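Below is one structure. I have some questions about it.
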Amino acid sequence: MLYKRNPQLNKSGELIHLLSIEGLPRAILTHILDTAANFVSVNDREVKKVPLLRGKSVFNLFFENSTRTRTTFEIAAKRLSADVFNLDIARSSTAKGETLLDTIDNLSAMAADLFVVRHSESGAPYLIAQHVAPHVHVVNAGDGRHSHPTQGLLDMYTIRHYKRDFANLRVAIVGDVLHSRVARSDIHALTTLGCAEVRVVGPRTLVPSDLSHMGVQVFHNLEDGIRGCDVVIMLRLQNERMSGALLPSSQEYFKSFGLTPEKLRLAQPDAIVMHPGPINRGVEIDSAVVDGPQAVILPQVTFGIAVRMAVMSIVAGNEA
Amino acid sequence: MLYKRNPQLNKSGELIHLLSIEGLPRAILTHILDTAANFVSVNDREVKKVPLLRGKSVFNLFFENSTRTRTTFEIAAKRLSADVFNLDIARSSTAKGETLLDTIDNLSAMAADLFVVRHSESGAPYLIAQHVAPHVHVVNAGDGRHSHPTQGLLDMYTIRHYKRDFANLRVAIVGDVLHSRVARSDIHALTTLGCAEVRVVGPRTLVPSDLSHMGVQVFHNLEDGIRGCDVVIMLRLQNERMSGALLPSSQEYFKSFGLTPEKLRLAQPDAIVMHPGPINRGVEIDSAVVDGPQAVILPQVTFGIAVRMAVMSIVAGNEA
Amino acid sequence: MLYKRNPQLNKSGELIHLLSIEGLPRAILTHILDTAANFVSVNDREVKKVPLLRGKSVFNLFFENSTRTRTTFEIAAKRLSADVFNLDIARSSTAKGETLLDTIDNLSAMAADLFVVRHSESGAPYLIAQHVAPHVHVVNAGDGRHSHPTQGLLDMYTIRHYKRDFANLRVAIVGDVLHSRVARSDIHALTTLGCAEVRVVGPRTLVPSDLSHMGVQVFHNLEDGIRGCDVVIMLRLQNERMSGALLPSSQEYFKSFGLTPEKLRLAQPDAIVMHPGPINRGVEIDSAVVDGPQAVILPQVTFGIAVRMAVMSIVAGNEA
């Protein structure tokens, strides 16, 4: 068979899992963003709940610890009225030598409806999605360096909210692109949504020149990279990169690639600045930018809850 | 007083705590299994909830860590609409030198309705049950080597589901019977429910010959032990046994007592294979058996949720 | 500006945060106690829930671990029908170098309604309260040596329950007053509520003589300190004090300052004995007193849930 169906879609082309933005048609992305727009208002209400997932069981399977991301999914699921179960996988049976798929089978047998999976291995959520029964859904909450699709979607929601249209946008993604699943997801999403120009910016050790095959322009100089951009997405610099051979020091890095108010002036006057958090003030971004008028970092968080509510309610409504 | 009332029953003979299967009359066991049958369908619904424990507070007190078992009780309680509180006891006040009963008194004063207790010491749930007020209930989720009554009950539910009647059954329990609270609970339950023949099978170091006082037949050879059986219950082999003097190595163990498709052919052609999980593939059981048509290991998990819902709703409905 | 408004009150003088009992007017304290009285009965019901915080998001932010206190707030919030999120802060982004206020901004952006904050640094809850948006509320669950206002309030509730009126009461607070946020909160509350006489009792190393500026009488002898008292509040002795230079040994301490039935006879015949828990039997208090008729330690716990429900429902009903 030459043609292999995207495992995220059923035969009717509806979203049943969210594993990666790569390969998702524009119509699906737009549908998620439109659905999220409805949920943004729910989060502003006195009673922040809708009964869409009432009586459903959502399992947070975090094989890699991330309290922040787990919490956003827990909030989103509870605001959809689901029952949420947080499994501290590191301390549980996988540690006792059980295989990943035996763990999944076991939890599925408890009548799980939706697995939110974070894993240090790229592809783990795919493996799980291909294994589960037709009524069970998988949402990738970050797998290795591969993908972090809900972060990519909330970034798109934020850009659309402030810039309306992707057609004429110039977007720069700045920092450790090499190790970033966020960058990967953003690039796929921006390309699919018809963004005019996507740039990646960073030192040669963190932004390989051969990334151009992804349809992006590569810059190794921050000033050139953000000049004239409408959107600047700063990536978090992992502390563990510092000790290695990839980077000299955090001060050196900040001097070359840290976003300051002065450098930001090279972008469009109404450019927005984004960051997936948590922020390293004074490492990849200056405090004055974080707290300045162009930063939309906290709205990203707000939209992130709505986007996760949208993704969970959409996949839970479709069957394989 | 020569006669001492079973602490699990009130004066009317109704179940108020589930501490051990030992000493429970057949009518109580049957009542639990019948109630569980109703809950199996609840877990298949779109909205997997019934309001039986709405506004009740269930405390998971796991003095011994077991994410899997804790999760099954959390699911069961939430599907009964209870509020569930997971206490990480190892990190809390008991670690500060507070006594077990002071901890219980304290939590009871917060208006607890039901304690689910897991403890490494045999008898801890009894101690707690004898101490709490008349409207508070205790369910044993495993105490030392002594008892794991909800596992025993879900095993009985599974056997009854596939075999209808216990009267003519031949059941083999295979493995580390000596250290297994599951084996103990299964033996008591099978005997009470009128099972024709219960066998225990394993090496001399793990299956003492004097177990015959429990009304079981002892085998030190797997082939002899499972020959003609209708049900084969495999026990998990704890890794920590391997390093000790009790066993040579996991390969040696598998050669003698691991269940392979070939050996399984000695049992009845329609024999079912059970396992409490998590499974050690290739140690106590061959992967081909786990994934084969006779294994009912995942249905055990599904029935386990329903059995725990049954136990919690029954005890919460009765007063001391 | 000479006059600085109490950050816990809005312009109309209504409670919007609970940070400290210090500076709160008597009418506010009385309003909390009166509201708690209504919730005591809720905790006795079959269905222990009221819908006052339905659809609200309560975040337990415990920068310092305390399973017991966290659980009491979780219970209180769930009985008010809120959604509760427990953040294991030690393992999350603050550990990754994010600042406290960035963490708060981030969680606020997820549409938090109420933060329950425990922190080892005195003043952390104030910092957070001054930072959050007008519709977000902060409750201090213990900050450093500074304050533990809900414990202070539940102590007042307990005293009022048993003694009706504060006007003619003689109250002794016994033990490690120096390091105790409970003692501080109790002293402020008792003074505000018009208690006739507040005494602090303990060794010179743990009860500095200059505490008299707080309007209390200082005693370095237990017999003198509790003589004629109506209420004796025993403080927990932290084990870590023992190893230091502050105290000789726990046996020596018990001999001088441990409350025994004999010593308790020096207080009023109907004196009540309180303790914030967890208890060190045989260190600061004799088992015979803990289990005796004058101890009201478990009612304190029960009232504590109601007091926390009162505080959360009151602050959530007011806007800055």
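Order of writing sets the chain letters: A, B and C. Residues in each chain are counted from 1.
Here is the rule we use: a residue touches a chain if its C-beta (ideal position, glycine included) is under 8 Å from a C-beta of that chain, and two chains touch if they have at least 3 such contacts.
Given the structure is predicted, the values throughout are model-derived calculations rather than measurements.
**Student:** Same or different: at the chain A/chain C interface, is the fraction of residue numbers used by both copies above or below half?
**Tutor:** different
**Student:** Fitting the CA atoms of chain A to chain B, what rotation angle results, rounded to the nearest 5 degrees?
**Tutor:** 120
**Student:** In whole angstrom, how far does the Cα centroid of chain A sit from the Cα centroid of chain C?
**Tutor:** Measuring from centre to centre gives 41 Å for this pair.
**Student:** Show the residues in chain B shared as contacts by 2 or more other chains, in ascending order.
**Tutor:** None at all.
**Student:** Which residues, counting only chain B, touch chain A once they are in their complex?
**Tutor:** 43-49, 65, 67-68, 71-72, 74-75, 78-79, 239, 277-281, 298-302, 304-305
**Student:** Using the touch definition from the top, list the residues of chain C that touch chain A in their complex.
**Tutor:** Within the complex, chain C touches chain A at residues 54-57, 83, 85, 87-89, 91-93, 96-99, 102-103, 105-111.
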